[in-house]
Structures are given as structure tokens and as C-alpha cells.
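Across the two complexes that follow, subunit A remains constant while its partner is subunit B and subsequently subunit C.
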Partner chain A sequence: MKPPEHTATPGNDIADPVARPDAAAKCAGTARYLADLAVPGMLHARTVRSTRPRARITSRRLPPLPAGFFVVEARDIPGRNRIRMLDDDWPFFAEDIVNHIGEPILLVVGPEAEATAMIASRVIIEYEDLPPILSLDDALAGLAPPLYGEDNCFAEYSFHKGDLPQARRAARQMVKDGFSTGFQEHLYLEPQGVLAVPEAGRLTVYGSMQCPYYVKKAVEQAVGEGRHHVRIVQTVTGGAFGGKEDYPSLLAGQAAVAALKSGRPVRLVLDRTEDIAATTKRHPSRIDFTTFLDENDDLLGMDVDILLDGGAYSGLSSVVLQRAMFAASGVYRVPHLHVHGRVLATNQVPAGAFRGFGAPQAFFAIEMHLENIALRLGLDPLEYKLRHALRRGDRTCTDGLVRGAVRLPEMATRLCEAAGYPAKQAAYTAGQGRYRRGIGLSLCYHGCGFTGQGEELIQGTIALHKRADDAVEIRVAATEMGQGAQTVLPKIVAHSLGIPLDQIHYENPDTDIVPDSGPTVASRTTMIVGGLLREAALDLKRHWQSGRVMDIRRTYHHPPHIHWDQEHFRGDAYPEYAWGVNVVEVEVDLLTGLVRVIKIWAQFDVGAPMDERTLRGQMEGGIAQGLGYALWEKLEVDDGRVQQQRIRDYTIPTFMDMPPVESGSVYNPYEFGPFGAKGAGELTLVGVAPAVAAAVQQAIGCPVDMIPVTPEMILRRIRNRKHAKPDSEIPPESSPRSRSRADT
Partner chain B sequence: MNHFEYLQPTDLAEASRLLGDGPDEAMIFAGGTDMLSLLKDDVVAPRKLINIKGIPGLDDIRYTPGNGLVLGPLVTIRAIKENPTIREHYPVLAEAADVLASPQLRNLGTLGGNLCQRPRCWYFRGDFDCLRKGGATCYALEGRNKYHCIIGGHPCVIVHPSDMAVALLALDAKVTIYTPEETRQIPLNEFFVRPAEDYEREHVLKPGEIMSRIEVPAPPSGMLSGYRKFMERAVWDFAVVSVAAVFTRSGDRITGGRVSFGGVAPVPWQDEAFNRKLSGLRLTKRSVTDACKTLLSGAEPLSENAFKLPLARNLTGSLLLELAGVPL
Partner chain C sequence: MQITFELNNETVCLDVDPLRPLLDVLREELGLTGTKRGCGEGECGACAVLVNDRLVNSCLLPVGAVVHGRVMTIEGFRQTGAYQRLAEAFTEAGAVQCGFCTPGMILAAAALLRRNSQPDETEIRAALAGNLCRCTGLNMIVEAVQLAARRGGAPW
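The block that comes next holds the complex of A and B.
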């Protein structure tokens, strides 16, 4: 028997919002996060960390350990002391060398959390300091011995399009620009944590994470391939933003080894200070452009140089760099292009995945650059940008084909109308008085799914399991971390099957049950995993037999038209793109440098929304996080040590700081996405900072070439301006530091 | 965080006795908003916490025309913010309460605790063994010092975090200190300790002493007052720079008054020279702006906080002009 064609329950339109299945427990406080879990006989682990940026460990002195307490360190690892990631440089525990402050050296494990912490604080590590690389400048100067390889470079790539030397010769004008950004901390509300439980021949690790199968592989490598059956279960995850893509692998490996050593469950939960000091951050960047314009002032060629600070271990840096590079020329048609990128190693906290994954840095830079070119030419930035924006049938920076319709022009035009952009853009340039207004605009895209060959390598596999009671279980490794996967994926399946939503079950993934559908990253969950689920659901529907147990699996392959040459970075870097436009209006108080964001207008093309309210959550959340990146969030690492160690020192915007946001989406379905959906998770953050920065730049009449744009930076810029107003004079800094450009 | 005994005395004498030899032995716990984070961050580790909220009479607000205002140390920030008499006669105090922390913290935080709170320097609160915690160096001097002081800061460059203190200083308040032997009263500006005198403490209270009252003189008729606080976010933030102004005028001239600052020095700060010049100052944009150009002229900004000087000057100028109703 087939299911009825249409049932009323899920609503006619998949975009109609439904109640989030995870909301009630989270609001009521009954959701159990990792730190809420306790199992009989459980031990607590506390990490002893490096206090030196780069040093050789000369001795480890332990205080007397009471019965039941023990330590776990590199030599206890039965497998390999390397976290399995793209590369092979990152150890679970430092061996004889430490490479950043906060790097784990050993765990103290014992039956009481407090005593464990006390003992850990009494462990004495002695070091012989080695010459550290404490900043990008240090790394460029190359005075200290390399940290990675021979050139201290985690990754270096370049790619070409057209013939840049020829463009250089033909050009009428050349414009140079440079931009920089700093670290950004995820500041998810739930700090990282795992619980490893050993049973005969088996090892289960529970944890707050995005990527259960990454964790599984890391744990298998730590405990020795094939020696134990490793099972990973995601627990309720209180935010992640990319920060739980890489680091849980390290924690899980450590806890697993501790659990094997003791034969008892071991829980390892970071406190906030540890989490800020030791887990990965967004890569600081420096991006320089040399751009060539033709006789019509059009973009002829562009030479982009990207430098990222990768911190102490390579982690995911090489792919972050690739995404940054593929965003370097923005949404624009640049006939002749050369992009060069490097990630350098420094003795700082490792940089890793963070919502946007390299794209926010690149879009901040390219959008400001285009803004600057337009202003220099005396043209309206909106017009100039749209004149060069990619259209369907154009070639991307890597010579891929833009297959879908590009609705940027109408999105931007409509948004700018709503915001009054053209009139304000013209009027605000000549602002007067203490409070100055400015308006800024950005266009961006986000490649949905893995960068380059990622999807083909991973080949995500999903399963649907139909039970005898005709309920359907979604079996994917995708995790709910607040973004709404548990809302959206069941809707896709319910709508495809035409059965009520409450007949669909989707639990937090358990690797004993779910196949490897890939990590929950890269704006791929709805489009790629959801797409597979839709295909499987349609298949299930065709063969539906009521009362029978049925199983269906599907594995992802790119649609046949997607081609990618990983060696030369040529072809379709992403299967599809989501697009965004942001307009931001600000008011700057020239007496104090304070920026007040008056309003944000945003339009996104995410193909088709799978749930309007969930999308709104992504839009407003992404915008808030982007605002923080643009205006407040400053994480400084001096002499290898993170300076802002607590939430109170690391200023993310509060609700009181949120301006009114008018956001929406256009319908532009992607043929291979479920119900036309593309990705939406990262896009919403990517374009905020350049729009804010452009608005501030206009308001103060001074260049803004770095974020966050803080009041002190604004006051300083005003001072440096030639015609400074006498009552906003600011004396020179007494002892300027020259750590990195992000300081000045 | 260490273990501690939690005690609830019901009179000042008992509380004072329980306080014993000083902070290693016992500390006062009022609203706890600062105390709890000091404990959790292991900045302090007293063996006992003395909750003084059970002592009657310490949360009174009394105003007598001609005599002024008397506040108990347990008066909450919220009570100050919402008190109509304070709003009417001492706008500067109510306005300082308005922009202090957040609603939750204002509900719990007390005036006494606010004046006695410890510095927010992130090295002090973090795991840095700095001068103020008995170590050998001030990390802020060479480190991140955007939020630190620009004046009066040797050898420790904290700023005093209290908003209430700045407003009360401009109002020329006095504090009463309970000791078992005698109860003494001192001007608020003598309550705070500069680092040059002792960099391990922020106020003069000795072991066993308790702040038991805050008195504010009656406002002269026609007194104008206000508080402006520059913070980076709309809520939760301590002052980057704040200014309190209290003055009287006759025609377009100031006849007397006082300006005080938060966020610029290790103690709530007054520029005596500027305050002397206030009397007679013409309330025009030109003369106020000119006068403000010399404000805090002894300032020696650190590497990252030179912006605080124009910020303080600009805030002061605009506050005086706003209070006087002169268009900016």
C-alpha cells in the first residue's frame, strides 16, 4: 500500500514554519548537555597545559597521587599520537615539544573533579624555551626555526585565470589596497566536552560535536586501529559555529585513552578559560590587492595575495585557505586573475573552522576593495558592483560555470530601495556635526557544500529506516547544534513521503546506527544531506509497503556536470552558490568614536527556505555574529597568550546592541537541492562586516581597512585625517607597539 | 574555588568580629555579584563569607531637605535608580545607576559592594600573578591596556570600576566606617587608595571595618547634575570613560561645582585645577571646549589608550553644555 499522496499535516508549503523538536527541552532546561551526564564509576579529567609558546619539556613533576588518581600522557596512547585530520602534525598530547600556550601535555584523572583540578594545578612542568614565532610578522621574518616543514607554511597555493601580465600591460589604472582581520572566538554557550565509556572490547564516546565520524576516526587512531569497536554519540550541543568541527577529535582521543587506561568512564569538560585559550579560532588574515582597470574603468585584472595565520597546528587550514582564495575576487567578473595564498604557522592557539571558513576574511577585503575603487572613480558603489557582478553563464574565478540564475541585481536593487541607499550614499558623504551617518553595501556568495574535491572524497551516505509501524527513522551523521537540522531534515523527508511530520524520527547521531553522511559543516547539511534524504524518501515512497521494515541508503555523487581539477584549482569549486546582499546604516559619534548601527537590511538567495523561521534564525544569528566580527570581537594573542580569557573580556554583541534587521530571501531553486534548497548557515555572516565597515568609512571619511572597527581606532583615524576637527584632537600614542597590523 | 563557611550575623559588631584578621580569613558578602566571580576566578580565597544582609537598617534611603541624603550600604543599585527623590534631587546619581551593569546585576548589587568592588583588569581577574595579587609585574603596562588608566597609575594601572563612586564623588559624599571601637566618617575621596600608596588594596578599610553609611550633602538650589558613560556595548559594560558633573549657575556662568571621572584612573578621579576653574566659566560652546582642552593634562596614556583623553574631554564638554542647555 502506498501512502496517501497528500496529507495535511506538514502543511502545503515546506517553508511554513513548524515547532522545533529540540526547543522545548532546551527552553525548559531539561535538555542534558555533556556536563550534565554522569555515569556510575565515572572519573573526571583535567588538562595540564603548556604555559610556553614554544619549548622543550625537560621534566614533568607530579605531586603524590592519592589512590585512584593517575595521569594520562603521550606515552599512554596505544595507537598514534596524532589527531587524524587533513594533515598529520597535531598530537593529542605534546611529547617533548610544546608549540602553543594551552597545548595539552597530560591529563590528571580521578574520582573527584575538585581534587583532580587541584592535583593538576600542582603538576610542575619544566621547560627549555625555544625561539617562538609569535605573529605573522615573526613568521614572515623567518628568524625562528620553522614550526612546520621547511618554509613554515601549512599550505601555499596559487591559481590563474586569463593572462594577468597582459592585463597589467593593457591597464589604464592600477589600484592597490590591503586589509587585515584578527582572531575570532566562537563563544558557543556550551564549552567543549566529551565522556568516554569503555566496555569489553568496545569504547563509546559521547560528546558535544559537529562531526561524529571525524571523532570516530580520531579515536580509532588514538586507541589503535581495529583494536576496539569505537562508537561515537553526539549529545545535545549548545552551539558550535565550526568550533566543534575539529577540536572534539582531540578531546575524544584523550578521554578514550584515559578510559582505556583506567577501565572506567572518563569525562573531560573544558571550563570557559581553557576553551577560549586552547580551542581553535577564526584565522587572522591579511589580504592585498593589485587591481587593473581598463579604459572604461572596468575590472580588467586582479592580483590577490592572501596570508592566513594558522597558529600552531595545521588542522583544517589548507581548506580554509582554499575557500578564502575562491572568494578572493568576490562575486565579480574578473577576466584576468591571479590568486596566491599561504597559511603560516605561528606559536599561537591553532586556527580552524569558523562559520564562513575563510570567506568572511576574503569578503571583507574584496567588498571594501570594490567600494574603494568605485569611490575613487567617483561612482556609486552599488552601480559599480552590479556592473561587474557574475551572471548566469559567466565563469567563476576558477573558471567554473555559473549555472543557476544570479538574482543579485534584483535583490540588491530592491534592498537598496528599501534602505534608501542611493540617496543616503550621496548625502552622507558630506555629513556635518557631531553625529555622522554612513551607509554601506556588500554583495557576497557562499559556495554550498565542501570546497573543491571534498564531497567526492567523503561520499556522504545516508539511510532511511522504515519501521514496521510505518514510522521512518532518519539515519545521518548530521548534528543539531542549534542551526535547525532536526527541524529541516525531517520536513524534507515528511514532505517527500507525504506523511505527517510526527512519523519521522531523527535522533542525535550514533555511529553504531547512522552511516557516514559527512560532517555537519560547509553549509552542506540541507543541500547535500537533505538532497540525499529526499531522493531516498522518494524511492521509499515508490516501494512503500505498509507494516514492513524497509531500509534505503544513498551515497552522494556530484551531478555529472560538475568538474573539478584539484591540482590546478580549475572548474566548479562548489556544486552551487548561495547569494547575499547586506545594507547597513550607521551613525558614528565623532566625539567618542562610538558606532551605532541604525538598521540592517539583508536579502539572501538560499534556493528555497526549508523552514521560514529556522531561516530567520540563521539570518539574525549570522548577522549578529557578523556584527560582532565587524565591531566588537577582539581576541588578542600576545607573546603566545590569549589576553581575553573570559566571556566578560571578549565582547560579543548583546540583544541591546542588535539593530532592527529587515531580512528576507528570494526563491531561486537549485535543481539538485531538496525542494530547491541551497545552503544558508554561513552565508548570513559572510557579508556583514564589509557593509558595516563601508558605512563607518563613509561616516568618518577615513579609510577602514581592518576589523573590528573599534571606537579607539575611529578616534585615531580621525586624528590622522588631515583636516581633523579641533575638538576631536587626539594625541599620538605614547609607545606604539608593532606586534601585528591588527594592533594599530 | 575554595571551600568556605557561610555566616549570617545580625548586627555590625558581630559581623566585624567575624571578619577577623582580613580577607584570607573572612570577607563581606553583600549582593555577591562581585564576590562570586572573585571566588570563582580564585582571586580571593577567604575561609568565611559574612553575609551582612541580615543586619537590619542597612538598606535605608533617607532624604531630609536641608540635610541631604543618607544611604545604607545595602541599598541596591536598582533602588537608587528607581527612587523618585534621588531622581529629583540628585539626577547624577540616578543616571549613574541607570547605565550600571544590567537589570539583574542592579537588582542584586548593593551600593556598599559597588564602592568596595575589586578592579576588572583582565590580568588581575585572569591567571596572571600580577603586582596587585602579590606578584612582581604589572602585565598591563606592556600588555593589553586599552581599558586601563591614563593618569595616577603608578605602579599598577587599573581603573576603578565603580560608576556610583564617580557620581558620589562629584556630589562630595562622605562614607561612614564602622569599627568596634569608634565609627568614623571620611570624605569619599579619602576612601580610595592610590596604587602609589598601596597597590594591593583599593580602599582604606582595615580588617573588621565595614562601610555602614553613605551621606550626600543637600543639593544647593538650582543644582544641575548629570552622568555620561562611554561604553562599547549598550549593556553590561563598565565605563571606558565616564564623567559626572555637578554645578550651579547664574546667568551664563557656572558659579561652582565639580566634575569627576571614571575609567581614567585607579581611583574615581577629580582634576582639581579644572574644578577650580569651573567657577566663573562661561557656558558657551567656545569657552567650555577651550576649558576642556586642558582637562587631565597630566595624563600619561599607555600604548593602547590614548583615545581616552579626548574621550574624557569631549564627554565633559558635551555634558556641561547639555546640562546648561547650550546647543552643541
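The block that comes next holds the complex of A and C.
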């Protein structure tokens, strides 16, 4: 055993920013995204999609196909026509029934992209309509036959803590509140795409993706287990945000089958309109609270009911629901708690993973609820929230132990000083005139790593390969999709080994080379995958022999103190939590309903930053997406059809919209994270919407119980207050449901 | 139809449909894949190129409209000192994440700095407003352009 020859440290502190290794190629335009790949003999595929929300396909008529063109459909699938996910209900191609508008029915494949698209547009599908379930209300009414199982419910769970009936009897006050949230579209700048290349006995699928091994399993299921060696290679990925967690499995399976059928490479790249209309979205939600207060106005008990709209196929919905449920009581100590949740099936575009994964819906609701309780009691929202915030040693909603220090009070205090929160909070309540200001605050956490038993089930495995030249290759399935994995993971390894960063190599994953370290999701890459890499690197350092090839593998297991009962949802739902505080100041034009965001202040506890600049990118980017979710990103599905199918209709924040953002982090290292790191990717989005909504609520003096908070909604609320009578124009699902402040 | 124009300081002559979008000609006929297709409708700016020094969404421009004009894509621009200055500033300011918007964003910044070497923040935001970025939260890109402008000295 010898120490490494190179002991130069790559920087004094791992947090010191380094240049992104992928920046040069991305600036120069030499980074190769999926659509930039062309291989000899490559064919182009175009999808023919359902135009009906729920129907039986009675016939399909193809135009004459020129030589070299062909179609691929369900009956061409040699394996199983089901995407391998949590529950195998989602077909690669519709069989006799379509369940949402935009559902793929067949591919037209041919040598020229334009001709392929032209032929696809001339395919005629005839349908016999079936009674659709077009909304959560339809699903609740239960008039149409179920889409899934007998109860049309993808998942239903409940869990208890304490004795809620007892709390109900002992309570001095009861407060009811209800909130709803809409769809959100990822709108990564690079549309989804895959390229399947068949070779003798082998099938390689290149693609823009988060989770190479999810894709591998899906393709293996499509082409038949064991019949072909399936290899998945991630290409440079132009943003994902959860949207490339589930859907690439579908595209890869389709392209793989087309490639096998033709014996030629097949590329399938979605148009923007297809991508918006057909790929997964954030689940719309309705969340209702009945909360019981004791004689000191403190939280005694809470009954939470969560309803998510899962769309046509189950996908990842059951786990999204679990994460929403474990966030339902927020960062608060609630002694007696009951949480019930359901995801219902509707004939709409399937809902799936999106940064936050159920938590943004839940935190919007719980934060507004606490805000409303405090205001109703005549108390300062911040003070009331901090009075009930979890502290080290407290029990979480699932009776897990809060092991780490909770630094929310000092984070909030620091932020409120910077924002002038107390003075503004007091002053803005009595606003006058056309332009009204408001300031809002939220507290949130995000469980780091998979929910519940996920990490134990997946047992992520990583490898380090030391070459003879003493360079070290990181072999993980974790993908760089913009978030900075290729910056952060090499730093963790370099700092652990004490060798220069340029001696560490980390290529986009290729499943022929890298073990399954799990999907790139759940804010787990730095904490879980990075943690394994650090252990492996320390091991490598101990056994380092210069000039020799060495291989080290590590598999994740929770630290021994983590206990979880999946059946009863009891114990540590996550190994650790990251925390956030957001303050948002807005100005609302009461005449137009337009909201101008003055400034956002945010503080996060992500354990320890692995790269200050990368972390800032996560903070600013997550905040921007959260702001869009709160104010602008309205995606409606009417009669099963996505109404905003273009970027011009679906408005993400632009340079003209983004306010100044003052973000920072506190150092609060996690014992089992690499260099103290916890998760950071999702946390930064989660708390924005409630802070925005609270600010708007203060500015307009009317309840804000749904997001996005559009100008139309603001004007309706103001008008309702003036006329003090129900507004017949408001559809039932968007009518004011907040009852706690109905008098304001 | 024969179409002649100057592309990245070299004359090109192509036999193409004059109504084909410049973006498709660049990517498919000429293999210049640094120009990205984000929407194909002129909404995202990922396909931005310079035509006669002005920023243009190449997905909306028929190639016939650039006859005898000067087209600069990232492949040509990256040969310049101005590019070096901008790429450094983008990297240092954390303006690059997924990178799909980056070539278009750099060209948008170049088009601005060419006509206004010391833009204020409002001018930067207005100049980049046609280019979307979903990763960075945008303010870090504004800072990158400010950094590049502040360092000056580049032949914009």
C-alpha cells in the first residue's frame, strides 16, 4: 500500500467553484445532443397519435407507402407491449383502446424526415368513442367506467400519527382550508429524442434521458427479455427536470422495435408541440385540511386529504403521492395527524415526475394553510410558523426522527432582515391605491433520496476504475442534464483521493460500462451516489498502487439507524432532509391583475455545497421554475386536449420576468453525505409558490387558494369581494374554496 | 434553386428549396449542428444565428432570404476573440447548464455588444428576451453579459 503520488489538493475547499467540464463544448456548439447524431442508413420516425381522449380504434387506414417506408405498431412488439415501470399498465403503442389525446398509436418510419411526417399526417384512424373521464370531478363522480382497476384509483394510502379523534375532541378551534394546483410542463429546451441502432445480436439506444437503467429495462421488455443485448447510452441532455425520468422509456422501446423491424438505425425526435401535448406533466392536485388548535392556539391535530390527477397511466404516480403525503404537514410539529391520499385516473396526458415530485403541491397547500391560520388568529405568520417548526429530536409526520440540526429559525431571521419582512408585512396589509404590495414567506424541506423503501430496493451500485496511468474513471449511471453532476461528482472523488481534478474522468453513462447506480432523480445524485463515490475513493486511496489498474465497487445501504415500515408508512421516510426559506415581494396592479415580482430572497440548507456556483445555478434555476409554477405556467386540459401546445401559449419566465434573486446557503453538514452534502436539486423549487401566493394574497386582500395565480383569477377574486356574491362565471373547480378567510 | 451566401466568412453555393428554413439547411445540408432546434416556431431562440450582424431565429427564415447575405453561426463565431471573451464570461458566471440554449444565447449577447458595448441591465434583458433558458434562472446569464462587457477589449 502506497499513498497516491499526486497529493496536490484541487482547491482548499470543495465548495470553491471550478469551471464546468462540459461548458466549453456547450458554448462552442460542439456538444452532441441526440438530434445532432446522424448515422449512415438512419431512418426517421414520426408518431401517429390518438385524437380522442377515450375510444376504441375501429380501423386504421394508411396512405400508399413508398418503398422504404413502413409502420410500427403494437403487434410489431416482440416482447411485452408495456413500459416497465412501477406498474406495467402503460403500453408503448395503443392496442385497441386509446386513453388520452396524444397517445401513440403507430410510428411511420422512412428514410426522409419530411416525407415520413407527411405520410404520418395522412394516416386515418377511425374510432368508436367511449365515455371519457375528463377531470378530477368526472373521476370523483364515477359515472364513466374505470380506467384503472375497479375504483379508478392508481394508488390510495393513509397514515396516522398520534390520536386524531382525541385531538378533535380536545380542540378549541377548528380551521378548514382547501387548495388546488395545476399541471406544469417541464419545457426543457431540448425536446425528447432517441436513436436506436441495431447490430448483430445487439441493440444500442442513444437518448436524452435521466435514467439509463430504467430505459434499459423498458427496452428489454419491449424487444423480449434475453433476446438481444441491450445497451443504453445517454447523450448530452438539454434539460430534464423529471420529464426525462419516465418518458424516454416509451420512446426508446418504440425506436428499438422499429430498428429491429427494419434492421436499420431509427431516430425518433419529438416536435415541440408533440413534446408538450404528449409527455408527462406535474400532477394537478386538490388538498384539503381540517386542523385543530388547542387553547394556546397551537397546532394540535390535522387531517389532510390529498387528491392527485394522474392522467391516463399510472407511471410514477404512486410514489409522487407518497412524497406529497410525507410533505402534507410541512415542516411542522403536529402531534395528531391523519393523512389520506389518492391518485385518480383520467383520460388526460399522463402525469409523472417533475422536480419536487409531489412536494411542491403539498408545500403550497400547507404553507398557505399555516399562513391563513396565523392571520385568522391575528398573529405574525413567520412567528407562528417558527413556533411550530420541527427541531432536532422531534418526530416527523411518519414518526421518523429529526436527527440533524434544523436551522430554519436563523435562516428565516437572516432572510427577514435582508428583506425587511416584518416592517413590510405590517405596512402592506393596509395598502392603498391601484398598485398594492405584498410580502410572503414560506418554510419547506425536501427529503433527500428516494421516498420510503426506494433506496433499499434499488441498491445503487457505483464503480471507480483506476487506469494504469493513474487517472480515475467514475462509473455511475447518474446523468448530467445541466444540473452539474459532471462538475460535482468528480470534485468529490478528486478531493477524497487528493489528486487533481483533471485526473478524474466521468463520461455520459453507457450501460455496457457503468453499473446501475440508480436513476438521476430524487435529489439523490450528490448525497447518495456522491456518498458512495467518496467511500470508494477513500478505499482506493488506502489501497492505491501507482501504475496498476484497480477497480472498486460500492453498493448503497441506508445508515443502520434508518428504519422504515412501508406497510404503515412509519419511520424515516428519507435518510435526511434539506431545508429552505423563501421570501417574495410582489406588486399587484388591481386594475389589470398583473403581478410584478419585486424580489426573491432565499436561504437553503443543503448540508454543504459541493460547488458554490453549481449550487447557485440550482438555487436560481429552481426558483425560476417555482416562480413560473406560481404565476405564469398555466396548462389547461379541456375535453382531454392540452390547450397550450406551443411555447408562445405556455409562458415560462423570460429575462423580462425574472426579478433579482438573493440566494444563499447555510453550512449544516450531514454525517453520511459526502463532505456533509445533502440534496439540492428539487428543494429550490418547492417553497417558491407559497411565498408568492402569500404575497399576492396580502396585496389583494383576498384569498389565494390556487396556483398559478393568474391575472384573471386575481380580478375575479377582487370582483367577488366587491360584489360579495358568487360569481357565476367561475367554474366549480376554480371557485374560491378557502374558508378560513372568507371574510377578508 | 442555386443559392449563394456568405456563411462563417466563406461563400457557399447550395442547390436547395429557397423556402426551406435556414435552420434545416444549416443542420441537415451543412451538418452545422451547433445551431439548435428547440421549437421550430421562433419562440425559444435556440436556433439564433447572425444574419448581416443581426440576431435572427433561423427556424423562421427561409434560406432564400439570405441570398448574398452574411450568415454567422456558432461554428464561425467561435473562431473569434469576441467568442472567447463571451465563452469565458458564460463559464465564470455560471450561465451554462444544460447548454442547449447556449450557442444562441452567446450569439444574442454578441449581437447586443456589437451595437452597444456597454449595455445596462435593462438593455441586456431586452436583447436576450427572445432566448429562453429553463435551467439557470436567467440572472446568471445577465451577469455573464455584464462581465463580458465590463472586461471590454473584445472586438465585438
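Here, the second predicted complex is superposed on the first by the 712 of 744 C-alpha atoms of A that agree within 3 Å, B and C clash if a C-alpha of one lies under 4 Å from a C-alpha of the other, contacts with A are read in each partner's own complex, and residues count from 1 in each chain.
In the analysis below, a contact is a pair of C-beta atoms (placed from the backbone, for glycine too) under 8 Å apart; a residue touches a chain by one contact, two chains touch by 3 or more.
The shown structure was predicted, so the numbers you read here are calculated from the model rather than taken from an experiment.
Judged by the touch definition given at the top, the superposed model places A:V236 against subunit C, while subunit B stays out of reach.
Within the superposed three-chain model, A:M656 lies in touch with subunit B and with subunit C [touch as defined at top]. In the superposition on chain A, contact of A:R646 is made with both subunit B and subunit C. Of the two partner chains, subunit B is the only one that A:D638 touches; subunit C does not reach it.
In the superposition on chain A, A:Y188 contacts subunit C only, with no contact to subunit B. By the document's definition of touching, of the two partners only subunit B reaches A:L715; subunit C does not. Once chain A of one complex is fitted onto chain A of the other, the partner contacts of A:L377 are absent, as it touches neither subunit B nor subunit C. When the two complexes are overlaid, the chain among subunit B and subunit C that reaches more residues of subunit A is C. In the superposition on chain A, the residues of subunit A contacted by subunit B and by subunit C overlap at 646, 648, 653-654, 656.
Contact residues of subunit B toward subunit A in the complex are 41, 120, 122, 125-127, 143-144, 146, 230, 232-237, 240, 289, 300-307, 309-311, 314-315, 317-318, 328. Those residues of subunit A whose C-beta lies close enough to touch subunit B in the complex are 273, 434, 591-594, 632, 636, 638, 643-646, 648-649, 651, 653-654, 656-657, 710-712, 715-716, 719, 727-737, 743.
Those residues of subunit C whose C-beta lies close enough to touch subunit A in the complex are 27, 33-41, 43-44, 46, 73-75, 78, 83, 86-87, 90-92, 94, 96-103, 106, 124-126, 128-129, 131-142.
Subunit A contributes residues 17, 19-20, 22-33, 35-36, 186-191, 236-241, 271-272, 481-484, 613-614, 616-617, 619-625, 646-648, 652-656, 658, 660-661 to its touches with subunit C in the complex.
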